[in-house]
Structure formats: structure tokens, C-alpha cells
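Each of the two complexes below includes subunit A, the first together with subunit B, the second together with subunit C.
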Partner chain A sequence: MPDRKRQAHYFSKRRNYKAMNKKLFAPFFFVGPHLILFLIFILIPTIYGIYASFTQWNLMNDPVWIGLANYKTILFDSSSTFHTQFFNGLKNTLLFVVISVPLLIVIPLLVAVALEHKKVKLKGVIQSIIYIPGLISISAAALIWLLIFNKQLGITGNVFHSQVAWAATQPYAWIIIFVITVWGGVGGNMIIYRASIAGVSKELYEAAEIDGAGSVRRFFSITLPSINFPLIYTFVMTTAGAFNVFGQPLMMTDGGPRQSTHVLMMYIRQLAFGQGESIAGMASAMAVLLGLVILVISALQYYVMNRNTR
Partner chain B sequence: MKKSFVISLLMIFAASMLLSACGSSSEKTITFWTPLTGDDGAYMDEIVKEYNATNPDIKVKHVITSDMYTKLSTVLNSGKGVPDLAIIHADRVPGFAKQGVLEPIESAIKGQPEIKEANYLPQAWSTGNIDGTQYTVPLDIHSNVMYYNKDLLKKYNAESILDDNVVTIDEMLSLKGKLASDEYVVNDALLGWVILAQVQDLGGDIQENGKPAVNTPVMKQAFENVKKIADAGLMTPFGEDGYLMFQSGKVLFSTDGTWSSTAHAKVDGLNFGVTNVYSPTADKFTNRASSHLFTMFKNDKRSDEKEAGIGAFLEFVREHSLEWAKAGQIVASKQVNESPEYKQFMQSFFTSNEQETKSLYIYTYEYYPYVAEAVDTYCADIVRGNVDLDETLQTMQKFVEDKIAESSSKQATK
Partner chain C sequence: MSKKVSISKYIAYLFLIVLCVIWVIPVVFGITTSFRSQTEVVSSGFRLFPKEWIFENYVAILENTSTAPILRWLFNSVFIAVSHTLLVIVIISLTGYGYSRMNFKGRDTLFFTLLGISFFPGVVNIIPSYKIIDAFGWVNTSWAMIIPGLAGMGNIFLVRQFMKGIPGELDESARVDGAGDFRIYFSIILPLIKPVLIVCGLFSFVGSWNDFLWPVIVYTDVDKMPITAGLLLLQDIYGNYRMIGQLMGSAMLAIIPTLLLFAFAQKYFIQSINLNSGIKG
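Our next item is the complex of A and B:
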């Protein structure tokens, strides 16, 4: 019966359509919540931030469009306070990135590899001890570290007889910033490295051992190549994070001495949310420029490392 | 699938309703924002609790808002969730008034005859008056003051310094060479405020015809005077916590805030008193001060009834803010600061006579916050001789001018 046939065909088509529908929408339900949060808290503010960078805005009144004037001032008007602040901030931020990123890659990697050794006991406990500082708020941690480095009351003064006011003298001001950064930042990357090292096949190590490879050779020929993706990931993320450094210098040195540890994020925050009327347009322009620097450097890192590891 | 889509939409809707509900306030509560974190907030909580216990028509809900000024700009921009009442600092009044976001306080206090200038410390009241319109009612004055260690003064036979209530820089310099090697005459707490007080002592100001005046001979003189103390080795070393050093009994004078007295009082064995911040001259002394002020931000939804409720609350505070003295602040209400109970508090020294009251100086220059930021940023390095004074004063002047140019020119012409 052609009618029944047509009906059957229709139903099967409908089923197919339904199934297709399911396939079409199902992914959106999984990514949906993230997508909504991403839109509200990241994408829209980012776009608005970029828009604000082309305006003069005090956060209260409506932004006034001024085109590229903020960027011109920051980049080219060398007599402007904002120009000086931006380049001093960027210089200090770059210095922080260049020193802290290698530390935050190498130290966690060494710790993770060391914890793999058969004779190391209480691995879980050691891992927790190293990881916990990352969970402590930076301001609470900074207060404790400042007391440790306090000339009168601290360990450095009383046990090691250091006569230096650490937070106010270079290079010690940077040193205490790096100490607290490494202390708080080692744990996160270490966990990633440990997890990826655990995923490397044991047979590779056994085979290498039979072939007479020492531990150094095994590290460079097996461990490192096997975890190159986690390495790229942590390298890029740690760098981007380091560019956004704020809490450590704010709490430890307040940018001093002579603004030599005053990082860009501190200037941005002061302009937008400091004393007096907000200068949010200029702050946004600085933030956009910082974002561009991070974007370019992250892309470069990814490109270079990905090419080398292939 | 459709069902779950609808359900998830509903949930998002419900969540957003809940979130936005946090911002709105009911007709029967006065939402009261303050930036009073820490102990100050607890004392204010206590005052609000006492007020609500009197069963007023409209109760007050105290919301301690860290980062209040940032949040204020957000709610004022969107017009949603604007608090009914807020406490702001004195130096914020001119800026807010110029931006037109403040409601004259008159509408709230018209039913309260006792809320008037004569019943408050004059400078605390007048700081909220811009071009003849009163925008605020003061809660307190909190000032830079100078604590002294009684035992150390006695030890060095220097109690005579305090005779006339003016500690001059020369008197401090006279102690050179007399102190033990780990002891100091003065610390560098709130150094920026100290500098701004010196400017007043020298008869100067931070503005000239509305233009910022940072790079001035008076400012230079102020820095040079304070630098003398540091150069003589009498100031606690650069980068060290002078506040803690005072508490540990190693420093004769500490130039911190009225509010620190409560913390100092908790230190065992610290025998301390309070006096005026040091001055370059015996003729004049200034304690650079600020003030916490009640104010209303513009909000169409605030009913007349609520404004009357705010007036009633402010009157209660005027009569009952002795609690606030416990936070170490100089209470602005004369009924409180002239009461015998108030005399037990150390800061009553600053309202003990007219000369003292006058010494509490609140800067009202529109761009004071930028000037203060410039002074705070550079003062330590100048006083310690880390930077060239003339050059840095130029930088500071430019710093303030650039910020003013960015913040206002285009906004004002709108």
C-alpha cells in the first residue's frame, strides 16, 4: 500500500529528524552553562574594556569617544605621566616574567621528577605540603613573609643577621617577591607534571634501563618528550599569569623602592580604582596593550615550542 | 530536550532574578553602605543595632562594602541598587558633587532641627557644603596625630618638649646623639599626611585659584624640613615598620592616625600619650584630617518616607555616637564630644580647646585625592634622599596635572 509506505517513510524521517535534532542540540547543553558564563563574565567585559580604551571615562558618566588619543599618549607622549607609568610598569612586569616563569617551570618539574623516585616515601604528604601554599590568599601569605623578612622581628635579621630592609632595597625587594611567587606557585604546575609523568609508560623506562640509560638520559629522552604538551600548556599559562602579576609586589613592596617593583597591573588599577576620580579610559588602554603583549608572546611560545617538539 | 531547554532557561531566569534581588531594597529598610571594614565596621554595626532596637518606622541595614567606591560607580552608572544612605570620605565630596550624583541632605534632615552646623565640629560640617548646598552630615573627624612614648621621653629627660603642645622639628633635632643606637625619635607612619600638614604650618596650600600647586617653594620647604629629621638619623630606617617599632618601645614619637590608639592600648607595657603632629614652627600646628560623612546618592526610588527615616537615624547617631569614640575617632557631634563620658577617650585631646579643634585640617580642594596620591607615591623616596627633590617635585606636579586633564576636561564640557 503506497499510503502506508508513505506513512512509514514519514515516521522514519521524523525519527531521523528527531535524532538529528538531538545531535544538534546536545552539545549546546554541555557547553551552554560555560558559554553563558563566558559571555557574561569574559567576552562582554572584554569587548566593553576595549571600547572603553577609546574613550575618556570616569566610571560614572557616559564614556566620551576620543579615538586613539589614549594610545597616542601612552605610547608616544614621552612627557606624559601615563607614558612613564606604562613603560616603567611594562619593564618591571617583563623583568618579573623573565625571572619567575623559568623558576615556576623548572622547580615544579624537578620536584615532580624527584617524587617519582622509588625510594621517596610519603609522596602524597610532600605533594600536599608543596601544593597548599597556592591555596592561601596572597595577602595573608604576604603578611607572614613580610614578618619573616622583617629586619627587627624576622628570621633574616635575627638568625642570619641580615642588616637590610628587604622590601625597600634592591635587589632584595625583587628577591622577596620571587620567593613568595615561587612558594605559592610551584604546587599548581607540579601537580600537572606529576599527573602527566604518571601517564608515561613504565615499559619505556624499563627498556631504557636495560639499554643502559642513566637517570639523566632517561629524563631528557623519555620524560621530557612524553610530557611536551603539558609543558607547552604550563609554559603558556604561567607566562600569561606572570604578566598579570599584581598581588605580590603590591603586598610585599608596594611598588618600591623608587617604583622599581611597580608592575603594570598596579598602575592600571590605580588609574581605574585609585584615589579620586577614576581614569578608566586610560587604564583600559593600558590593559588592552598589556593584553596584546600577552597574546603575541603566548602565540610565539606556542608556535616555537610546538614546532620544536614535533 | 525541549523540556530541559525550557527548564534550563527558567533556572537561568530564576538565578538572575535572585542576583538582581540582592541589589534592590525593600521599602521598609534603609540600605546603608559604608567602607568601614575591620573594627570600625563592628562599632558601626553596634550603633545600627541600637537604633533598630528603638523600633523605628524604617530600620537600617548596614552593609559593609569593601571597595565601596568602585561598587558605587557601578550602581550609579546603572541606576540599580543605589544605596539609600552611605558613608563617604571628606575628600570625595567635591568630585561626587561636581559629577552631580549627590542628593542634597536637606531633604532628609528637614524634620530634624538639631541637625545643623552649630551642633557639629565646624570643619566636619562645612566640608560637605559645596557652593552653598549641604550634601553631608558628619560622623567623625579622623586625623593624623602624634603618639608619644612616655617612658622614653622620661628616660631622655625630654618631657619638656611637650610643654606647649607643639613639638617642633628643632626640638626633635635637639635629641640627636642622645638616643641609644636602636632607638629613634620619630617613625615615618602616614608620612604623606605629615607633609601635607607641614604645608599648612608654613602657610601654603596645595592649590592656587583651582590649579594644583605641588611644585611650590612651600612644598619644597616642607620636604626639606622633614628630610632634616631623616638625615640626622632620627627617623626609623627606610623600609622598616615604624608603627611596630613604636609599639615595641623603640621610638619616641609615632605620627599615625587617631584610630591607632585602640591598637596601641592593647600592647602590654606601652605607656603612651597623644599630641599634635610635629611642626616647623612653634606658632602653628596642623593635624591633617579627614572625615566620615553620611550622604545620599541620587536615587529616584527613595521615597520621602525613607528620607525622613534617614533623618531620624542621623539624629540618633548625633545623640548616641559615643560608641564611635571607641573606634578611636573624633566624634563630630558636639553633644557627644562635649559630654563627660567622651573625656575618657584619648582623642578628646583634639576637641579640648578651640586651638586644638582648629588644628584638625581637612583639605577640600577638588583634586586633593590626586595631590595626596602624588605625595604618598613620592614622599618616602624624597625624605630618604633617594631622589632629587626639585626633579621629583616637577614630576609630582605633572602627575597631578595629567590626571586632572584626563579625568575632567571632556567630562566637564559635556
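Our next item is the complex of A and C:
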């Protein structure tokens, strides 16, 4: 304990000062740690990432400002490998998004609706089975699925007598990427839809049933409109996630055959962290372009879907 | 009418059963193959269960401590995921309290500014993040995976929403009794937000355990990496499917922790969703 006399002496003088200090200190105690983390690991890297895209940078020395040169090369210089890589990566990423996103919306929705059926039993067990692959890491899942699709040793070869080298032949290389994506990705959205459908008023369904509306009709005129917010939410989030696809093609096909499943994220990692000298400036420019594509598409999705449901 | 119900019932069942079979096969196949001998895998065509259950694959996996130190990887993963989860819980509860319970100038402006910035696609910050981790000397250490993820806004948003549902009279009366912010946070708010903290903690654990892109970038030292990055190496080490049983056994060891977590905390995994759909209101 500090000396009592001294304390009393300070007390009156310091009261206001202390109260003010406390007013600033207390919020900082609660919000400050995260604020610092946010600055260091989100704000600064994001700004620096944009800045780096205008530079030549090898991750070791200081970046050298070169203006729009990286973007010019990537977008317009058709003799450059960066140009070919970027557009090949973008094409493959878009292909992945366009096919995987509808699957990751429609299948979970169908499962949720089927599970909502009054007569279906063991709902909890079925739900768990479909949810569990979402808890498995892509690297572990890929080892198993690759074995299943192995020509000599797997299930496809031995049971279905398929003589295809799946990972090395198109369109099979894409098919195994979609299989593992759907397998791992259905559970999360399914749970969101189930909870949303459970929240729709039962009376609506009963009234519709009395009016003679079949189950298909009920799905389109009651279920779908009632869960429109979760639908927009999952649509935007699933799409943004799909643009960041990396693990599935890396593990399943390593970008092959002939780079036909090589997605943008893989090129970005390869340029920045791959063998040889890092080309981080160029990789940053690709990352910024990919980020812009994601932003524009998310905004469009949100705008269009929100307008159509109003 | 009743006939119609039964037809739709069979369609629903058929769809769900087919899906469940497809969903279960890889896991069952992975488990059983990890107990098969290499000669059986190569020779006998497909059978769901092994002719003879053997444990040699697991013995061999655990004995290989040089090229594929799987126990080391599992330990790294556990250390990373547990530390990350605990820190997440501390940070999001403190920060959530700050942004929903305290009054300071520009509080909501600050919160929504951060939230807005965090929507900016994360691809852009990966390369500089690596540079920052490098500057801290964290490359090839567990900190590289424990700390950066704490900066996210998603969980804080959920906790803040949840706290807004707790009536303000509770803290008012405590304040009258002379309790300060820290007391209110610790003895009133913290017990009440336990459910949302558990949910965020579970998802942080699973997310950290299964993270793939970041560890592949940050770790080059075989002894320091978590299991997800380790499994990528295994493809080469047990290469070309010459040691399938060991490959499968390793994959099984990697998925056990999250599946155990699910087995014990299933209701929280399923509950999370109410939080998600709660975003609307």
C-alpha cells in the first residue's frame, strides 16, 4: 500500500484528471488489443498489398515503384507468361465458381427440404453424416479421395471398372475437384437452410395444403421466398469463398493436366513464394485484380438479388 | 392425398440415403484401408473391409520420426489450435464488450469502419502478412498461425449482436453498486455470453486445425509445421501410393480431433446457425 498521507494529498488534485484518464483508458483496455491486431494483420497488409502491386518486389529488398507496369503486363502483354498465367488462372477459377456455387446452394437446399419432410426419420443422424466432411481438412480428404479415384487401387477402378487416370485427364480432373468440393461444402449451407426453414410459420404450409398446393408448389411459393435472406447471404459468401479456391486443385490435380485446373490462387502463391526469386509485386497485382473481381461480383449479387426479392 | 405423401416420402428418403452412402464411403474406406496390408491393397480387388486387420501401418507411421514426424505435427496442430481458440475467446469477448457496452466517442463509427475494411478480399493481404510475420521472426513458428487470425471481425460482430440482446439494466444496477467495467464484464456479461463464446471457439478451433493455404506458405521446416501442411508432404514421402496403408492412417490421425470435438459438442455446431440467420434481425 502506498503512503496514506500522500494518497490523500493527490486524491483531491487528481480526481478530475484521473476520471478523464480512466474514460480513455478503460475503452482502450477492451477494444485496444484487437485494434492493434487489426492494424497489423489486416489494415496495413491490405494497404501494403495494394501498394506492392505497383512495384517490383522480391520480398527481400525494398519494393521499387514502377507504376502500372505490372498491370499492363498482366492485362495486355500477350507475349508475357504472366499474362497467360493470369488469364488461364482466371478462366479456371471462374469455371470452378460457376459450377461449384450452384451445386453448393442447390444440394444443401434439397437436403434441408427433404429433412423437413414429416415422415422422414433419423433426421439428426442424416444431418450429422452430411455435416461431418466439412470438419475434415482438405489435405486429409484429398488423400482419401485420390485413393478412391485411383485407377488400379481405388473404388472407381475396381468396382466400376473405369480405366481413367482421373487426375490426369479432362474432364475427369475437374470432376474429382467438384466431387471433393461438394462433399466437404454441402454441410455448412445445409445447416443454415434447415434453421431458416424451421423458422417459417407452419400455418402457411397448412393453409397451402388445404388449398391443394402440392409440395413442389409449396416449395416455390412459401419456402423459397421465406428464406430469401439466408439465400442471399450463403450465395454471396459461397461465391467469395469459391474465388479463393486453392486446396482442392493443389491436392487433387496439382493444376494439371497441362495447367487446365491451375487456379489463380495457385499462381499467386507460386509467384510470391515458389521456387527461385520471388516475384511478389506481380503476384500482388494479380491478387488485387482477383480481389476486385470478388468485390464487384459480391456487390452485383447482393444488388440483383435484393432488388428481385423486394 | 396419403398416396402423394408416401411418394414424396420415398423420393426424400431415396435422395437422402444415396447422399449419405456417398458421404460415408470415403471415411469408412479411409479407416479400413489404414488397417490393410500393402499386399492386400495391391492384390485383392475391392472389398470394403480388410481380409485381415493389421496395425503395422500405424506402428510404421509413429516410428517414422525423420521424414514424416506425425506425432510432432499433431502436437503442433493441437498447440496452435488450442492457443488460438483460447486467445480468440479472450479477444472477442473483450472487444465485443467494448463495442456494445461502453460509451466512447466514435464507437459505432469505428466498429463499422473496421467491419467494412474487413470485407475487403483477403487475397490482397497474404503476401504483406507473410512479410510482417517474417519481420517478427515468426516464420516456421506456431505464432504465425496463432496470432494473425485474431484480427478478424466476424466473431466480434456475432458477440456484439449477442450482447445487445442482454438488458442494460443488469449493468446499470451493478454500476450503482460501484462495480467498474472490468467487474461487469467479468462477473455479469461473461457468464451470459458463454453460448456464443463456445460456438465461436469451436469454429475457431476447426478453422485453425484445417487451415491449409497459410501453413503451406509459412512453414518450410518439417518439424515445425501443423498436420495439414504435413499431409501435403506425405504424398511425396509415401509417394505414388507405394505405402497406402500408412498414407490413409496418417489422414485418419489428422481428422480424429475435429470429429471428436463434433461428437462431444454436436449441438453447438448445429446451433451456430441460429446465430447466422440471426443476422437478419
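The working rule: the second predicted complex is superposed on the first by the 270 of 310 C-alpha atoms of A that agree within 3 Å, B and C clash if a C-alpha of one lies under 4 Å from a C-alpha of the other, contacts with A are read in each partner's own complex, and residues count from 1 in each chain.
Here is the rule we go by: contacts are C-beta pairs under 8 Å (C-beta built on N, C-alpha and C of every residue); 3 or more make two chains touch, one makes a residue touch a chain.
This one's a predicted model, so the numbers in the text were calculated from it and none came from an experiment.
After alignment on the shared subunit A, the placement of subunit B and subunit C results in a clash.
When the two complexes are superposed, the chain touching more residues of subunit A, out of subunit B and subunit C, is C.
By the touch criterion stated above, A:Ile210 is placed in contact with neither subunit B nor subunit C.
With both structures placed on the common chain, the touch criterion links A:Ala240 to subunit C but leaves subunit B unconnected. In the superposition on chain A, A:Gln127 contacts subunit C only, with no contact to subunit B. Of the two partner chains placed around the shared chain by superposition, subunit B is the only one that A:Thr169 touches, whereas subunit C remains out of contact.
In the superposed pair of complexes, A:Leu290 makes contact with subunit C only, with no contact to subunit B. When the two complexes are overlaid on their common chain A, residue A:Gln275 makes contact with subunit B while staying clear of subunit C.
Looking at the shared chain after the overlay, A:Arg194 reaches subunit C, while subunit B stays out of its contact range. Once the two complexes are overlaid on the shared chain, A:Leu153 sits against subunit B and subunit C alike.
Clashing C-alpha atoms between subunit C and subunit B appear in just one of the listed stretches 4-12, 166-174 or 220-228, and that stretch is 220-228. Counting contacts as defined above, subunit A residues 26, 29, 59, 150, 152-153, 273 meet subunit B in one complex and subunit C in the other. Contacts from subunit A toward subunit C in the complex involve residues 23-24, 26-27, 29-31, 33-35, 37-38, 40-46, 48-50, 52, 59, 107, 110-111, 113-115, 117-120, 126-133, 135-141, 143-145, 147-148, 150, 152-153, 155, 158-159, 183, 191-192, 194-196, 199, 214-215, 229-230, 233, 240, 243-244, 246-247, 250-251, 265, 268-269, 272-273, 280, 283-284, 287-288, 290-291, 294-295. Residues of subunit A touching subunit B in their complex: 21-22, 25-26, 29, 32, 36, 56, 58-62, 64, 66, 79-82, 150-153, 165-169, 256-259, 270, 273-279, 281-282. Those residues of subunit B whose C-beta lies close enough to touch subunit A in the complex are 1, 4-5, 8, 12, 67, 69-70, 73-74, 76-77, 91, 95, 99, 101, 237-241, 244-245, 248, 250, 367-370, 372-373, 377, 380-381, 386-387, 395, 398-399, 402-403, 406-411, 414.
For subunit C in complex with subunit A, the touching residues are 4-6, 8-9, 11-13, 15-16, 19-20, 22-27, 29-30, 33, 41-42, 45-46, 91-92, 94-95, 97-99, 102, 104, 107, 110, 114, 117-118, 120-132, 147-148, 150-153, 156, 180-182, 185, 206, 209-210, 212-213, 216-217, 227-229, 231-232, 234-235, 241, 244, 247-248, 250-252, 254-255, 258-259, 261-262, 266, 269-270, 272-274, 276-277, 279-280.
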